[in-house]
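Okay, so here's the structure we're looking at.
In this document, chain identifiers A, B, C, D and E correspond to the written order of the chains, with residue numbering beginning at 1 in each.
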Amino acid sequence: MTPKKRLNYSYYPGCSLHASGREYDISTRALFKALGLGLKEVPDWFCCGATPAHNVDELLSLSLCAKNLKMAEEVEGDLAVACAACFSRLKHAQHKITHDETRRRQVETAIDGPADVKKPVKHILEILAREVGLAKLEENVKKPLLGLKVACYYGCLLTRPPEVPELDDCEDPSIMEDILRALGAEPVQWSHRMECCGANFTLSRPGVVMKLSNAILDSAQFAKADCIMVACPLCHGNLDIRQESIENKNQASYELPIFYFTQLVALALGVPSTDLGFDSVIIDPRPLLREKQLI
Amino acid sequence: MHAEQVKHDFEPKVVAFVCTWCTYAGADLAGTSRMQYPPNVRVLKFPCTGRIDPVFILRAFQKGADGVLVSGCHPGDCHYMAGNFHARRRFAAFRALLDFVGVDLNRLQFSWVSAAEGGKWVEVVTELTERVRGMGPMKEFKELELEEQWSASLSTPELKAAYDSIT
Amino acid sequence: MSRIGVFVCHCGENISRTVDVEQVAAAAGNIPGVAFSCDYKYMCSDPGQNLLKKAIAEHNLTGVVVAACSPRMHEKTFRKAAGAAGLNPYVCEMANIREHCSWVHENREMATAKASDIVHLMVERVKKGKSLAPITVPVTKKALVIGGGIAGIQAALDIADAGHQVLVVEREPSIGGHMAQLSETFPTLDCSQCIMTPKMVDVANHPNITLYSYSEIEKVEGYIGNFQVTVRKKARSVDESKCTGCGVCIAKCPKKKIPNEFDQGHGMRSAIYVPFPQAVPNTPVIDRENCTMFQSGKCGVCAKVCGPGAVDYQQEDTLTVESIGAIVVATGFKLYSIDRKPEGSMIQGYGEFGYGTIPDIVDGMTFERLASASGPTGGKILRPSDGKEPKQIVFIQCVGSRAREKGISYCSKICCMYTAKHTMLYHHKVHDGQAYVFFMDARTPGKGYDEFWRRAVEEEEAVYIRGMVSRMYQKGDKIIVMGSDTLVGVQVEIEADMVVLATAVQPQEGADLLAQKLGISYDKYNFYSEAHAKLKPVECATAGIYLAGACQGPKDIPDTVSQASAAAAKVMTLFAKDQLERDPVVAKVNEKYCVGCFACKKVCPYGAIEEKEIKDRQGNVVKVIAYVNPGVCGGCGTCQATCPSKTVELDGYTDEQIMAMIETL
Amino acid sequence: MPQIITEANLRSLIDSLVKESKLVVGPKEAGSMVLYQPLSNGADLKLGALPRRSSKELFFPICEDILTFGKEDGVTKVKDVDRASFPDAVLIGALPCDAGSPSILDAVFSWDYNDDFYLERRKKSTIVGIACTSCDDACFCTAVGYAPDSPAGSDLFLTPLKDGSYACNAVTEKGEKLVSAHGSLFKEGAAADAAPLAAPDTAKLDLAKIKEWLNTHFEDPLWQSIADVCLGCGACAFICPACHCFDINDEGTPDHGTRRKHWDACGFGKFTNHASGHNPRDIQNKRYRNRIMHKFKYYDDKFGKTLCTGCGRCIRACPVGIDIGDILNKINVQAG
Amino acid sequence: MNAKAQKAKGCGIEPAYYDAVTQAIRSEAVKVLKEGAVSAVIGYLPGRRKSAAVPAVVTTEEEAGRLIFSPACVNNLSLYLTKAKKGILPGGKIGIVAKGCDLRALAGLMGESQIKRDDLFIIGINCAGVQGAVAAGNGQLTEASIAKKCRECTAHTPEGVDFVAGTLPHLDGLTPLEAEELARIEAMPQAERWAYWKEQFSRCIRCMACRQVCPFCYCEQCLCDKNRPQAVESSPRPAGNTAWHIVRAMHLAGRCAGCAECERSCPMDIPLNLLNRRMAQELKELYDYEASMAPQEKGPLNQYKEDDDQSFIK
């Protein structure tokens, strides 16, 4: 038997995880600790430009990511990213800079140095499913999520466009469902796994968000899901924070707790629920978890 | 957006021995598709990779090639059915021989490029050219060309110049 | 001493934009042995060719290099011109400074230097070139048509009507192909089977046509005028010579619940079956995978009921070798499926449409069968899942086609028209139904085509929505179609009862394998490549092989029939001669030096090398050496590369020519 | 009184000659063998073994450029090799069977045509010969009129003495000059006893009789019997001190190239191949016959010399064991 | 243990073994000539020098009675059957003395249609070994004088011959010097290997002994003698020498019988057999081909398999 080397990752949390998505950050750290993985935050990281920068100034959005990636070189291990928007931006910048010589040169001028963007960027889903492995996850389950019906919600950024993130099947991914099955939960078949939640229109055009997010909540309910699991703080915000006003507007009643996948995985691996930020969300998930005897 | 073609300090000579049916046509396709690649390659057309004699490769190195590419049809696609299969064995053996006498095989590339693979042609040529550029001139054979048995060696400036102009 | 003429073409600006053609011509003038050099705007034009002819005469040229486009484009043109001026065509060569230089480089200085080098290479090649005389070979006046769809049928009938023997080889148990499956055809809405089946019968009855159905091409050897084709006749388990086509076996077969391929799996057939009632030949075939007799050894009903005793369970595949002079490839197409594709495949499926798991999402061919009077529903539009009549139906165009992200970037050409046809058929059959069409563009060039499309939109009440569908999912017994209407700028959602996808046209399964047997080239999608996109649209680069129909690219019926007739005309042109002149690029043995090791014979892919005895004047055998049969030699040159002493040499690619080129490096 | 030079001083002599920018050539260890090669200092000199190749290549290189040609500005220009650039050379430690060869070859290279390449090199070189103290069963110098202590061809001739030093005899003016220019390294004095010389185990051949036999036996079964097995390689000719055939080749392209002269051998099948394809010496024994005829008849006819110094190299090198000493003995016997 | 140590000292082979082989060859050669079964026998006659034997084509019983086998009988006589040496054999069936390694060459020549088995009477030798290129002069075979190829011989016993001469004595295992040398060179960094061969090839004088002695170099017109076009410079300069030796090795790849005559004949001691062995090793690894004593229809470079290795092709 060869002794297993401890996997170490550098970590780019992104601004959401330090603010509205704090529980995503907390649960991610707890999860890594539980799995015995190293996770070291890149010192002095800054905004990735998500999500509006590339619509306004592409060079800026690339340069922000290039600089972040360059700084990440200082920390050991592949770069772990939790936020779907950060992940998308970093991967996109990598792709663009590697494939477009002109852009690369412009970025190099902008950041005043070589555009060193080779650091492998990995979403935490990827790390769990591929690097840790489903078998090992299953092995380490302490509290199987039995009877929990989960609508896995991927959102629009995680797998698109196909050539950039290379995370999973662009239109029909299964990585979240695979992980959940390993934990003993019951992912539901539903229609809106990939639809847009309205993302960053949340402040500028809330009407759009209300409509799109409503469709998501509605179809999750139609599929008899107990809750929705997400991998993006923007999605989480729209589905969780706005849920009540969506219900009001549409005369509906959803009461669907929104989990970060890190929360559910960590919970299944035996991390105490008090360490996972369940208290800092709007739709309190604890009644559901209690009902399913998970806490 | 194409990479701008700028002259480098060292422009390697790259020779490509290609079959007319697949790789030559693939290179034509790269042309009609207006793809861009380094202008260092000189293409010698053969009916088939089966026609390509290892001596040609050797001779090309002797005559100043810094890199040699041999390219033909994918296995099974040979216009002549089996020419490329024979070529494959011949070149597998020849590579081993060159390696044994100390020739850096990074200078000798074999590839299958079909008539539909203009992009692969560009990729293969670009990769070889840039690799060879990084390696610098193929000095081994060039040095040999200048060397003499001791009894004949002269080092007059004129002769040196004459040699320089040959190689 | 050679007197070579070098002619540098500007190709309008195609070359001169990047290459300093004057400098190239001037540099060529300095090459030893070059007697004349010039540059000209369009060498391939008449004045350009005249310039060449005039220079050959005036400067007494012994060889010519035309620096212009790829020899694959114009080598014949200039060789002909050189020949007209009295020069041997084979001392005329092209230096490819367009595809291999001006089009692929931007730096003028370097491109010019490269062009000069390319010219120099070719000058050396021509200097060492020899005059060659064309070789004549006999022509076997029998054509092979591969594929018995409308393309193959048309080509076969045309060639047979011209008085030549034709062998038609069809993979399926019956000829007819996709056209036999169609309900009605655009733009006239005439019944497909009504116009198709008479032609099928003509094939069956034509005295000059031999039909091998349920057969495949095993091996192809030889060359234009002289192919040896091995055909595998698959075991039909029914003796064609005995069967009367009475159909009793089919009626009595106890195993009847097998999805019928002809009906896209929506109708049922028995284990012994003919694909459809009008099949040609009308001889049943036993589907051994589904036949109880073959699976368990118990049954044998069909054999018992067969009067003539035609059923033969012992029948095996047979191989037949045929001598063929020309080949028409007409293997047709298949439809793209939205199913998940294997890992690493260039082509992707549609996850957003459920990867083919939603039963009421069907493709266009299934709709044809549903709409066909002879189809599984007797011509009623009923959806597969529950047999209900769909009241809201959505047609989606460009599924797979023009979808680079799915791996196919081409337009399938026929979908706009057949979708319009489908909306009409639907409207005619379901009067209270509503058809919606999602489309990117409506492409309707063709006689009467746009009028037809307009009719669908304006008179037959189809709602055309310009935009794509982003997602479809099952909700209850409805299919929710989410799309966008880009003209209005809104998202639309339709609760459909059934969805019909106009999926992309792809080459037939195994097209690449057949191409490898034939030695013809194909593109990355496996469509067969014509020799020239514009000027040789039916010829393959491999002489003696011609293309007809959708195997070369998506085509509708009129285009397919036209191309099939064109291919037939090419075959007839070939058959008009008793002998054929062929390129003299063949190997020759230097009898003085050959020592008869026969390494060449061992490697020759054509079996062109024979043993020849050299005798002295008394008739004693002095030595046995190699001899290349010029009629059989394919000209690959593998023999020469193998011969240690190079006593076998390929004309047109001699060591002397190649070494001279290498010397210029 | 002869001059004496110690071995140490002999090596010092080489050092000084090298310092004077002379090309000093002598026996030197080269892998598994000893070859005549340029010496970079006195320590390089390896005495006591017969070098694998003869010393003729100092005057008659294995391959040398004659001229170069090339196109400049559209005009073909030819450049002769500058013979003045040939170096002043000293051949040191040549055994008598090697030192003797230039004096044989001078004749052929200055006969109807003066080969400037050979003659220039010859003029610029001084040969320091050395008496031979060891031999093997292939040596036969004494049979063809040479001897282990023959100073023929040497400008300065060294005789090994029992005390390890060498007695020096200046045979020619060149030799005297060499001594006088480096007087401090030589000393006059009574010589110690000479070291024992080599003594090849061969009887003296009657070369005149052999020539006479050759005059009348152009056709003879002997040729088949001795030379049917000859392979037709050039090993014997190339390592022979006296063989001097050469070929001239143009190498390069019409644009740029070099005309080169290099060794050739009469054993090669292509040696007399005519452009027409006809070959007057069509089979191997005819070629071998020519080798013997040339050495012992034709050269003598023309220049009064035998083209063999008896070094035995061809005997040692022949892949099929053809033994010229044995053949000459046979002819001698047949000649009576 | 003791016996082994003793054996190693003397390198085992008694002169009596060679005498016995000699006697067997003589009586068989005389017999077949006498019977008229063959018109000539190609064998070895003693040379003037102890360390030399000379190949000979003997046609009389008297000459046949002088044939020998000794450690000096190094030559691969199959050479004399090829067209390269035409004109020296009488018509009719020919007898030939062949060691195991020579037999592989005979088989190769049969595979290349140069000779027919029916035209030959092969006197095979149970061969204990012969001397190397730089053998000492006393004619005895010692561990120091045995040829390198014989140290790792896999063909001591002839197969498929008409007559076998001698009984194989006990042979001691010897260190495989050539295999070790091959491994040493293979292990060198590439630049060092180039330097090694450059030094070796620069010594070449282009005497062509390696070509002339090779049974497989029977071409009427050697590629390197051609000047239109000139594929290999004929002048003995390092450039042309290197090209020549590469071309030679390539042309022999898959054909070489491993008799190592090229290396033995080289007056400049260039280790040519290393090139041949390297190629043989590669062809064994890639295509499982080995030279054998039985003729093979096609050499490894005259055939192919569709799934041949192509890992080197992009």
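The working rule: a residue touches a chain if its C-beta (ideal position, glycine included) is under 8 Å from a C-beta of that chain, and two chains touch if they have at least 3 such contacts.
Note that this is a predicted model, so its numbers are computed, not measured.
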Any chain that touches chain D and chain C: B, E
Chain closest to the middle, measuring from C-alpha centroids that were averaged per chain: B
Top chain pair, ranked by how many C-beta pairs fall in contact: B-C
Where chain A and chain D are represented by their mean Cα positions, the distance between them in whole Å: 87
Chain B and chain D, separation of their C-alpha mean positions in angstrom: 44
Whole-Å gap between the CA centroids of chain B and chain E: 36
Averaged-CA centre spacing for the pair chain E and chain C, given as whole angstrom: 55
Contacts with two or more other chains, residues of chain E listed in rising order: 223, 230-231, 236-237, 301-303
Two or more partner chains touched - positions in chain D: 62-63, 252
Chain C - residues contacting chain D, complex: 30, 32-33, 592, 660, 663-664
Partner chain E, residues of chain D touching it in the complex: 30-33, 52-53, 62-63, 136-138, 224, 228-229, 231-235, 237-239, 247, 249, 251, 260, 262-263, 265, 268, 270, 282-284, 315, 317, 319-323, 325-326
Complex interface listing, chain C residues touching chain E: 128, 592-599, 602-603, 623-624, 642, 644-647, 655-656, 658-660
Chain C-facing residues of chain D, complex: 71, 74, 76, 252-255, 277
Chain D partner contacts - residues on chain E that touch it in the complex: 47-57, 72, 75, 79-80, 85-88, 134, 137, 199, 203, 205-209, 211-213, 225, 227, 230, 233-237, 261, 264-265, 267-269
